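In the two complexes that follow, subunit A is the common piece, with subunit B as its partner first and subunit C second.
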Partner chain A sequence: MAAQNKITHGQLSCLVFSYLSGFSTLFLSEAALLKQDVWMSYLIGMTLAIGMLWLLCYVQWKHPLLTMVEISDKLFGHWVSRLVLMIYLIYMLEMQAAACRALSTFYTTVVIPNMPSNQMILLIILCTTYATYLGLTTIVRAVQITLPFFLVGILIICFFLLRDVETNPFLPQFQHSFSEVMYGSLLSLYFPFGKLVVFGFLLARVKNMKKIFSSSIFGLILAALYLLVSAYLTLGTIGIHLAGTATFPFFSSIQMVKFGEYLERIEITIIGIWTIFTLFEIVVLQYVFTILLRHVFRIKNMKPFILPIGLLFFISAQKSFLRLSDLTFYNLNIAPFSTMLPIAIIPIMLSIMTLLRKEKT
Partner chain B sequence: MLRNEKKEVSCIAMMRMNTVKIILSICLLTCTAGCSADVTEISDIALVTATGIDYDKKTKKYTFTSYCLLPTTTSTANTGKLSDWVVSASGSSILDAAKKLRSQVGKTLIWQHNKFIIIGEGAARYSFYEIMDFMIRNRQIRITSFLFVSKGRAVNLLHMNTETEDLLSNDLLGKVRNEKDWGRSISQSIQNIANWNTDPYRGFVAGKISKSRHSFKSKDALSLSGGSVFNHGKWVGWLDEQDVLVVHLLSDKSKWKNLTFSESFPFHDSNVTLHFKLDKQSIQCRDTDGPTVDIHLSLTSTVGEIEHYLSVDKLDTIIQLEHAASTFLENKIKHSLSHFQKDLNVDVIGFSDLFYQHYPKEWAALKHKWSDIYPTIPVQAHVTVKIDKLGLNQYLGDH
Partner chain C sequence: MLNTIICLLSICYGIQQFSSFRKQNEKRDAIVILLFCGMIAIYCNPFYSASLPTVESFYTFVYKPISNNLIRK
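What follows is the complex of A and B.
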């Protein structure tokens, strides 16, 4: 692979953080479910995601000259590998449809109620398709440019929200049953931490192969910290009862930020930053989707297919989750279980196969 | 020659690429805000800065009232002035009534700058759930707006002129701002109320707005004083000014950190008025031999006025005065808490939250009979007052 198409491990950290933090704080489903015990679900979800990431890195380290799709071919054989990659294609289609719908629902509920959702989704997909066309290095540079704005913006917001937190919202602890905490952990593993699995297909693009695990972990931990702080501030500022019923709880808490008496309504800046980061999430999904599709169908020149892939993304997002309750049902009842195959089972199988091959040789 | 041809071909390709980019950019321009049909000019909008909601139980009709401002004026006579007017409409639901306003106003009503929601007594008593649901569901109403319950109908209050001749919303904002200087009125945000409203164990105190008439004035004035008590999502009754002050003192820090208030009490055949400022507050619950609550308040104070001569320059007198002030405030707090516990039986301070947070196991047993236990909980109030300033003059003399 050409050196100029590779990314550094620092860029990988930035990309991981942006990808995971896109709209991870939009619904805060685990916080609504577990309230003050939400930190446990984040901790368990993050730990499981670290385990999954280590397995992927292990597989990559054992095959340093191959990409993950080639490793899959080598370990599973041609046809099984195709089947595995198809599972990931479906997973990414679902994830991008959920992301597009979440973003368009948020916009049409809060900001521009008269705009048709489809128009919103089309604009999102046009953006992400163009970014996919430009390639990974451009995407990563865009992330590096926007990330400081996000960090500064969110730090200011958090600082001002922290002043409104009067009592520790994570008290009393351990009030939920084991099964509730495990279900919450499953939710946080599915979204956002488990989404990291698609980075398995980008690990071969990192220059310093030794640092792929540590740099990914860095991004993952930062994203988990951001999620935890958001949940803490949300429960602390708008209260446990309101946080459990609000459609966009973190947004509701951000609405309370004001500088002095007159400078308020600054949430619009955060909406802008959220939007950009959600776009990055869809961009990464679309980019990896393109890589997998190229490999599955043995396409030599992928550029003519980028726009059709965008159209496929648009149609799948447009036809999915027409009501917010559909998306909620999918997020709470279907996806936490159905996505275990690409998030957990396949990485485990890959690592077992790698281990077995190693022992044979 | 070949090189020139290659250059020419690449130039043509570049030009084609640029043309495609320009065409794409022009296409994307149609998506920008300026090209949208869904545009509202500033001259077409009216800003709602205060909203009133009334409910008639007999007719089951809501009356929705908006106090509006025009951000721009078309009249040259009124240049530089903001023109305000009040408009009302009735309907079978709040939204129905709000939508009917459109038939009476030739402007697009914008609620994003609304700071005050005033609910009539009838609406607070009979349809508070629906009102709260409407407010937290609506994207235009900010959860930082203040909610007040009006004695009488809200529509009547919104039609009143202010004493300062200022805009009603500015006048109300000034009164909310003044809350920290006397502590006898309370302003609660919709966010707080929405959070507490669904709590089955605790109640809360929202603001109260009413007309007040002084003997030396011919017309009524708007007044924010006292509070309105809610429990289990329903309006329960009014709270007087003294009880509201105690609510401030025992609430979250945001309610008392800038609060200063004055109290007069008898001392050595004289009447002394002190300015108080709360420095530290601690409310601790225990559940050893039954649930108990300990309140510790630490206040600093400045001498405000003294009815007769008092030797406040002497340390003994100051210590005695501090002790008298502490006892006075302790009694005041006990009296108000007794009213909350025994007369109202509403946990307006949120003792239930404290038990839940710090004694979750005991709370699991307590919560089932909380309404029976709450009035009987012994509350110990310990107040420490320190007089650190005497004012510009120590005393006038002994005559």
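What follows is the complex of A and C.
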């Protein structure tokens, strides 16, 4: 891989944070489900994601000169590897359809209700297709430039919301059964922490291979902290019951913030954050999709395929989750189980195969 | 309307890239892009695209029984 296509471990952390943050605080499904015990599901989900990430980093460390797609070929063989990569291609289509639909639904519900969803999704996909065309280094540089502004925006929002929290919304604890907490953990593993599996295909692009785990963990922990604080502030400001029924609970809590008589409507900050982070999430998914598609079909010149891939993403998003209730049902009932294969089972298989091959040699 | 435009554009783009790849003697790339653009055109056609499967419908079909069983437990 050419040196100019490599990214630093700091850039990897920034990319991981913005990718995982995405629209993670838009619905807060786990907070609606587990209420004051939501921190347990985030902790367990994050821990499982760290385990999954470690497995991927272990596989990458054992094959430092190969990319993850080449490692997959080596460990699984030609045809099984193609099947495995196809599973990831379908996983990415699933995730990006949900991301596009979530963002377009938010915009058509709250910001521009007269705009058709299809046109919103098309605009999103045109942006992400162009970013994919420009390449990974351009993407991470855009993340690096915009991230400080959004971190300041998040801090300002948290500061203003914290003033309205009167009692600890995480008390009393342990009000939910073990099975409910486990189900919540499964939800948080599926979204947002398990999305990190996509970065397994970008680990080979990092200059300093020794720091891929620590830098990814740093981004993951920051994203988990952002999610936890958002849940805490949402439950603390609008209450447990309204947080469970509101469509966009974090947004509803931010709408209540007022500072004096002249500083209000700060929810525009979170709209910007969700938009940009979700765009980064879809860009990463589209970029990795391009890498995998190239490998599966042994394509030599990938540039002409970037636009059709964007159109594929568009039609996938356009024809999926036509109603918000469909997305909610899918997120709660289908996706936690359908994503187990790419998030957990395949990384475990990769690491077992790596270990077995290491013992053989 | 939007889908019809995308359908026509993908057909034209697919044919154009197919001939471009054929001139460069890249048979595999030519076939793949033609199939890809063909699939996009089929999904965007204004007649029967609503009944075509998506990732959502496929996974709902496969995982709904598993999900119902596990969540009930």
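By our rule, the second predicted complex is superposed on the first by the 360 of 361 C-alpha atoms of A that agree within 3 Å, B and C clash if a C-alpha of one lies under 4 Å from a C-alpha of the other, contacts with A are read in each partner's own complex, and residues count from 1 in each chain.
The rule is simple: contacts are C-beta pairs under 8 Å (C-beta built on N, C-alpha and C of every residue); 3 or more make two chains touch, one makes a residue touch a chain.
Computed from a prediction, not measured in an experiment: that's the story for all the values here.
**Student:** Could you say whether A:114 touches subunit B, subunit C, both of them, or neither, answering first, second, both or neither?
**Tutor:** First partner only.
**Student:** Touch check for A:175: first (subunit B), second (subunit C), both, or neither?
**Tutor:** First partner only.
**Student:** Can A:320 be said to touch subunit B (first), subunit C (second), both, or neither?
**Tutor:** second
**Student:** After superposition on the shared chain, which partner residues are touched by A:299: those of subunit B (first), subunit C (second), both, or neither?
**Tutor:** second
**Student:** Looking at subunit A, which partner touches more of its residues: subunit C or subunit B?
**Tutor:** C
**Student:** Mind working out whether A:183 is in touch with subunit B, subunit C, both or neither, as first, second, both or neither?
**Tutor:** It touches subunit C, and subunit B stays clear.
**Student:** Where does A:255 make contact in the superposed view: on subunit B (first), on subunit C (second), on both, or on neither?
**Tutor:** So A:255 only meets subunit B here.
**Student:** Which bits of subunit B are touching subunit A when the two form their complex?
**Tutor:** Touching subunit A: residues 31, 38, 112, 136, 139, 142-144, 177, 189, 191-192, 194-199, 252-254, 353, 356-358, 360 of subunit B.
**Student:** What residues of subunit C sit close enough to touch subunit A in their complex?
**Tutor:** Checking each residue of subunit C against subunit A gives 2-3, 6, 10, 13-14, 17, 20-21, 24, 26, 28-29, 32-33, 36-37, 39-40, 43-44, 49-50, 52, 54-56, 59-60, 62-64, 66-68, 70-71, 73.
**Student:** Enumerate the contact residues on subunit A facing subunit C in the complex.
**Tutor:** 90, 93-94, 97, 118-119, 122, 179, 183, 297-301, 304-305, 307-308, 311-312, 314-316, 318-321, 326, 330, 333-338
**Student:** Quick check: in the complex, which residue numbers of subunit A touch subunit B?
**Tutor:** Interface residues on the subunit A side: 109-110, 113-115, 123, 164, 166-168, 171-172, 175, 237-242, 245-246, 252, 255-256, 258, 261, 264-265.
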